[in-house]
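Going in written order, the chains are labelled A, B and C, and every chain counts its residues from 1.
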Amino acid sequence: MQNTDTILEALLFVKTEPISRKKLAEFMKIDENGINKALASLKEKLSGRGVRIIENGDSVMLGTAPEASGFIEAILKEELNKDLGRAGLETVSIVLFKSPVTKTEIDFIRGVNSQFILRNLMVRGLIERVPNPNGRSSLYQPTFELLRYMGVSGVDELPDYKAVRDSLDNFKATTESEEGGIGAA
Amino acid sequence: MQNTDTILEALLFVKTEPISRKKLAEFMKIDENGINKALASLKEKLSGRGVRIIENGDSVMLGTAPEASGFIEAILKEELNKDLGRAGLETVSIVLFKSPVTKTEIDFIRGVNSQFILRNLMVRGLIERVPNPNGRSSLYQPTFELLRYMGVSGVDELPDYKAVRDSLDNFKATTESEEGGIGAA
Amino acid sequence: MESTYIAKIGSFEGPMELLLSLIEKRKLFINEISLSEVTDDYLSHVRRLNDFPIARIANFIIVAATLILIKSRSLLPEINLTEEETESIGDLEKRLSLYKIVRDAGVRLKELLAGPTIWERPYARNKIPIFSPDESFTVENVHSAIQSVIANLPKKEILPKVTVKKVVSIEEMINSITERIAKEIKTSFSKLSGHTGEASTHENKVNIIVGFLAMLELVKQGIILVSQEKHFEDIGIETNRLSLGADNLQQAANN
């Protein structure tokens, strides 16, 4: 019982949207009374901390302390203005030439994990995520705004579009046929 | 000053990705010494809580307490594939205990060309390549992802970290003078 | 029987793993003596690697060369090794010790990986994105970025030229060590003739050495395989202090 609020805090930390007490009770395998107790205890422990519980009717979620809002605005603003660097340019170029493309494909082509850079590009409205009709993993494509900004009306207007696309598709074919082999040094 | 760690916690909560002490200092308009103090104080406040600070080199981020791991898997409906295979494990072990380390050093110890396994681990986001301030060859280091997978909030929480690192360092003086020699298989 | 044996060798990722397993099977410590004791086992494993990708065979042969030196020295302590050869013996012991440390540490890492995970807070900003371009995102820059992405795509596993050079040079080394051994045997024969009572042990030793020389021939077959590798393309950027005669380079290039 002693660490129920610890687990509750961890659950609320990863759950980025409001969650009902009932659902919490289900996941934590305790009754709603237990959840209420844990919430009360967590609320107490969070007092004076940078993170706090926000309640809305039956649902709860974690949010930040109001006194931090100025700093948070600054950090969010920076996300919109910072130089995206080589990684940004590289990733955007792959999304443009191989659109629509999955994260796994982008990672394989770049040879590094693109999780954070994809996020940054999405936050800035340069690329967007669309559902994949053939699978679970989402597809990434350039936004209209990006194409317009670059002065092209479609990806096929990009220089060497066909040739570049072919090389990228070919690479996919080779890695797929050798998958499993690629890990064995 | 009293609420620096409150703001720090809020910033890390919102950021959801690793951030360097230097960046934090910029955002919080205090010096790095102030950041270190705030981190130490926050770390103390988080002890026994559902959230903790993970440190990797100069950067930090927030993560959940390992004891909540099972509940989170259930709520996120996600299970990580943490199988690295033997080659992966060997390579990751070298990177963790000898970081930052060059490919030549890794090849030297493993006796094989580690090109593919390194790429594979980078694609999975478990290790990353950073520029070498002293030379051409890149250096490899662990990522937050790798530490998180193992449930440790820093390399120093790895079993026998200091002892293993020391015993590897004992050979260092000699291997360094031979860089590019035998290991370049 | 044969096929299960091969499968067993195939499960060794690299030469260090094989070598360490041979030493540990005999419950030995890592040193020159134990390395010399497992040399025969190691070489007979390498002999069976012929069906494996050349790059893998090459890694095993490079280590085999050093083991041959170690074994030669244990059989004939009088044999003269060059400074570089002596150094490579010290290197191998060191590498194997390092390998053992990281492999043992890896076992504990595996346990950690099987345990609880620390989770990060997923990214979730449900705000509508504000279009904020980076001014470097021009058609021209994107085009040059994708060209470099393509140039950096990994090629199929091709044996680095330096490795081929190194393996080919091992053939030279084996020829030279064979010569040196033959010479040593002759001298020690003449030294020993006249000493009665030691003849049988001496004969025994000569037999061991002859068997060893036969083993060297087998390693050479592996070297031939490697030197026949056709795809010559440098994918490694490592430098290599190996010096090679122009003949060998030429020969390697022609194959």
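Everything below uses one rule, namely that a contact is a pair of C-beta atoms (placed from the backbone, for glycine too) under 8 Å apart; a residue touches a chain by one contact, two chains touch by 3 or more.
Remember, it's a predicted structure, so these values are computed and weren't measured experimentally.
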| item | value |
| --- | --- |
| Maximum centroid distance from chain A, chain identifier (CA atoms) | C |
| Chain closest to the middle [Cα centroid of all protein chains] | B |
| Most heavily contacting chain pair (counted by C-beta pairs in contact) | B-C |
| Distance from the mean Cα position of chain B to that of chain A, given in whole angstrom | 20 |
| Chain centre separation (chain B, chain C; CA means) in Å | 30 |
| Cα-centroid distance, chain A relative to chain C, in whole angstrom | 43 |
| Sites on chain A at which at least two other chains make contact | 10, 13-14, 76, 111, 119, 184-185 |
| Residues of chain C touching at least two other chains | 13-14, 119-124, 154 |
| Chain A - residues contacting chain C, complex | 10, 13-14, 16-17, 76, 80-81, 83-84, 86, 88-90, 92-94, 96-97, 109-111, 119, 122-126, 128, 143, 145-146, 149-152, 158-160, 164, 167-168, 171, 174, 178, 184-185 |
| Partner chain B, residues of chain A touching it in the complex | 3, 5-15, 27-28, 45, 48-51, 62, 64-65, 67-68, 71-72, 74-76, 78, 107-108, 111-113, 115-116, 119, 182-185 |
| Contacting residues of chain C [partner chain A, same complex] | 13-14, 119-125, 129-134, 136-139, 141-143, 145-150, 152-154, 156 |
| Touch list for chain C against partner chain B, complex | 13-17, 55-56, 58-59, 62-63, 88, 91, 94-95, 97-99, 101-103, 105-106, 108-110, 112-124, 154, 157, 160, 162-163, 166, 235-241 |
